[in-house]
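One chain, subunit A, appears in both complexes that follow, with subunit B as partner in the first and subunit C in the second.
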Partner chain A sequence: MNYLRTAAAKLVGLDRRVVFIAVFVAVAIPFFLPVHFTAVPEEETIQFDNALVQALQSEKPILVDVDFGPQTMAEMEPMLLALLHRIFQSGHKAIFLTFMTEATSPIRNYLAEMESIYDLEYGRDYVFLGYASAYAYTMYGLGNSFSAYFHRDDRGTPLDRLPLMKNVNSLRDVSVVINIASNAFPRFWIQYSVTPHGFDFLAGTTAVGATEYYPYLQTGQLKGLLAGGRGAAEYETLLVEKGILKGPGDATAGLGAQSLALFTILGFILIGNVAYFLNRGKAR
Partner chain B sequence: MSTDPYIWIAAILTLGVFSFLYKDNAFFAVCEHLVVGLSAGYMFVTYWNNVFFPELILPLVQNGTGSDAHLWVPVGICFLWACKYVEKTKDMYRLALAFWLSIDLGLSIPTHMDAGVLAQIAGTISAPLNGSPVEILGNLVLILGTSFALLYFFFSTEHQGVLKGASTAGTWVLMVGFGASFSYVILSRIYLLIGRLLFLFRDWLGIAG
Partner chain C sequence: MRDRIAYRLPYAVMAVLGLFMLVQYYIPHQVVQAPRQMMLQWKQPLNGFIILLAIVGIATVHVRKIYRQERRWGYSIITLGAMAAMIFVGFAYGVQEGTIFSDWFKYLISPIEATMFSLLAFYVASAAFRAFRARSASAAILLVSATVVMLALIPAVSQNIPLISEISAFILKYPNTAAKRAILIGVSLGAISVALKTIIGIDRTLLERDGK
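So, the complex of A and B:
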């Protein structure tokens, strides 16, 4: 027993760098193993796609608000790419905007990639309105007017010269609003725009913020949710099953690393708690 | 291994940031300052290109005495903010603050009450106690869990008897909620590490699929 308590005392004072190395190894190993994990789509992911399919049947364009920067790209990028393939493979039209300055450049790159894959025409198939300041007022105001908040698109072209924007005067003229965000913007959309104006709203968030949005799913203020990297992997799986994506993307590729890392952390939590209780006995 | 210089720069900077895990060092400090400087610069240029110049300066220069004359109002409010830095006029900034607060609160209080409070109460009250046993159990947990968690924050009476039991149950509900949030935080952070390692092993070194 004394041996155990000595070991416990050493474990309590374990150098945190040992934990870092263990997690690093746990994340790295699966990349070199020929083991492939798949995600099983949860209800909120299926709801997300069902609502999107319904929107794709409409003639109205889809509004996509992309709010993430390089810092959360690992989690958000696979989600957005899967969504873009979903929209553009169906031949649907979409309008993009962002409330984050650092998101502008990545969005331009993603849209240029989609333009070359699906042979899209800017202004007719898609439009990027660019960065918008004062998110609360803009979200609220778009329910009444686009032209009052956006005079030009990201390229400086006046909105009335863009064919896609000809029939889009307010949020009533889009089939669904989708927010792919690494921050609290989906909540702001629900608060400032979805509830007062009443339209279908979908969100993709980081895992950190995901728990905040489940109550909104229950009330129907949110029609579907992609919850972090897990949600992105589930969506990739769903789109592969439906033949939209040729193969799984980066979110699915990370599933093995994620599983092993989580088990490693769980192991540390268990060992840490056992060591803490053994050590507490010694202190008494 | 990649021959793209941008990939190499990103990979070296990634290693520089990771070096902090060993201990604080000059390489990490360089990366840190680079991020702060680049972010601030990028933000300023985006604001300038998308907001200040096309939405304020250009219309004022072209039509400042005509149909865009109303844009002098936000310019005036900006100057009121700047008054804070001059001793004689420092109280003037309160006008700008009052203007900003009144608009912000006017918009956020009713919308928050509608979307965050009333809609959530309605959603909880109307949770149907029918359907499959799992659905009934789920909705029962929702109704009772919300009630217990609310009772935990009821401080007008001493927590004794039934109220003590309910508030203890509320504590458990809150702890489960925090646990779920925390596990999602870990999941999120792990994905960020996965993204960076995937970049290093696949895009930079080319040794992983």
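So, the complex of A and C:
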């Protein structure tokens, strides 16, 4: 027993570099060893796709607000790509915008990729409105007018010269608004725009931020939620089952690293608590 | 007399505009909605001035640091140099794809931001090991809840032990929703009271310095 307590005392004071190395090894293993996981779609993910299917049946375009930067790209990019495949494979039209300057360049690249895969025509099949400042005011104001907030698109073309924007004057003219964001913007959309204007709203967030949106799911202000890398992997599974994706994407591939990292963190929490209790007994 | 006007005018502007934005929400008539729409559009050019203020603020702080040769003043030179370089290439060559600005953004800023964020995983693991302990009953409840939610995120666990997934879904849907809603209502009531105090003019700390 004394041996255990001495070990516990040592563990309590474990050098944090040991923790860092353990996390690094856990994250790195799946890159070298084939560790395959699949995510079974949960209720929120299925709700997300059901709401999107309803929107895809409408003639109106979909509005997608993309708000994530390089920091959260590993988690958010696969989610956005799965969504883009879902929209464009069905032949639907979409309008994109962002409230984050650092998101503009990646969005251009994603859309260029989709353009080559699905043979899309800019201005007719999709439009990127670019960056808008003053997010809360713009979210609220789009309920009345697009042209008041975006005079030109990201390429500098006036909105009235874009065929897709001809019949889009306000948020009433889009079938659904989707916000893929690593920050609190889905909450602002709900508070500033969904509530006063009343339209269907879907969100994809980081795993850390997802817990914030469960109250809105319950009230119906949010019709569906993709929660972090796991939510993205679930969506990839769903789209593979529906034949939209040929195979799982980066979110599913990342499940290995994510799972091992979580196991490692849980292991350290367990060790920390065991050591704490053994040490407490020694102190008494 | 001039001092009194100078003191009261900002509060009068705040009161009028604040009350207007409050009232417009309930009056859909064009007489109210047209000026509202115009005021919403003011925010975008105003944002430009806010960015300008931020640039002046950063420049002032770092120039002062360099001038006084305060601790780590060398980093201030790098900060100012990087800021000036980005502003220059942005104005000189544009910000579209393929420009120097875009390349610097893609190959310098993006990897730096991604690296900084990736480090969080290491610090979270270290912090969880040191601080996440069942020191009390409430800490034990938090620990068990977090462990269940984390376990449910691991496909190997959630697919083989469905109960973990069910408990995690219950935690997220009920206790989490209740707590989040309570916080949300509390914060909203607080925001309403602060806004009303500012509009009515009870809260005067906004424009006062050292109580004057």
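Definition applied: the second predicted complex is superposed on the first by the 282 of 284 C-alpha atoms of A that agree within 3 Å, B and C clash if a C-alpha of one lies under 4 Å from a C-alpha of the other, contacts with A are read in each partner's own complex, and residues count from 1 in each chain.
Throughout what follows, a contact is a pair of C-beta atoms (placed from the backbone, for glycine too) under 8 Å apart; a residue touches a chain by one contact, two chains touch by 3 or more.
What you are looking at is a predicted structure, and each value in this text was computed from that prediction instead of being measured.
Contact with both subunit B and subunit C is seen for A:262 once the two complexes are overlaid on the shared chain.
With both structures placed on the common chain, the touch criterion links A:108 to subunit C but leaves subunit B unconnected.
Of the two partner chains placed around the shared chain by superposition, neither subunit B nor subunit C is touched by A:56.
In the superposed model, A:46 lies in contact with neither subunit B nor subunit C. Once the two complexes are laid over each other on the shared chain, residue contacts for A:254 go to subunit B alone; subunit C is not touched.
By the touch criterion defined above, A:194 lies against subunit B but remains apart from subunit C after alignment on the C-alpha atoms of chain A.
In the superposed model, A:145 makes contact with subunit C only, not with subunit B.
When the two complexes are overlaid on their common chain A, residue A:273 makes contact with subunit C while staying clear of subunit B.
When the two complexes are overlaid on their common chain A, residue A:28 makes contact with subunit B while staying clear of subunit C. The contact surfaces that subunit B and subunit C form on subunit A in the two complexes overlap at residues 20, 23-24, 27, 71-74, 102, 105, 132-133, 137, 140, 196, 207, 211, 215, 218, 230, 258, 261-262, 265. Of all residues in subunit B, only 21-22, 39, 42-43, 46-47, 50-51, 54-55, 103-104, 107-108, 111-112, 114-116, 119-120, 122-123, 127, 142, 177, 180-181, 184-188, 190-198, 201-202, 207-209 touch subunit A in the complex they form. Within the complex formed with subunit C, the subunit A residues making contact are 14, 16, 19-20, 22-24, 27, 37-40, 42-43, 69-74, 102, 105, 108, 132-134, 137-138, 140-141, 144-145, 148-149, 196, 207, 211-212, 214-215, 218, 230, 255, 258-259, 261-266, 268-269, 271-273, 276. By the touch rule above, subunit C contacts subunit A in their complex via residues 25, 33, 37, 40-41, 43-44, 46-48, 97, 102, 105-106, 109-111, 113-114, 116-117, 121-122, 124-126, 128-130, 132-135, 143, 147, 150-151, 153-156, 158-159, 165, 169, 172-173, 176-177, 180-181, 184.
Contacts from subunit A toward subunit B in the complex involve residues 17, 20, 23-24, 27-28, 31-32, 71-75, 77, 101-102, 104-105, 130-133, 136-137, 140, 151-152, 154, 156, 190-192, 194-196, 206-208, 210-211, 215, 218-221, 227-230, 250, 253-254, 257-258, 261-262, 265.
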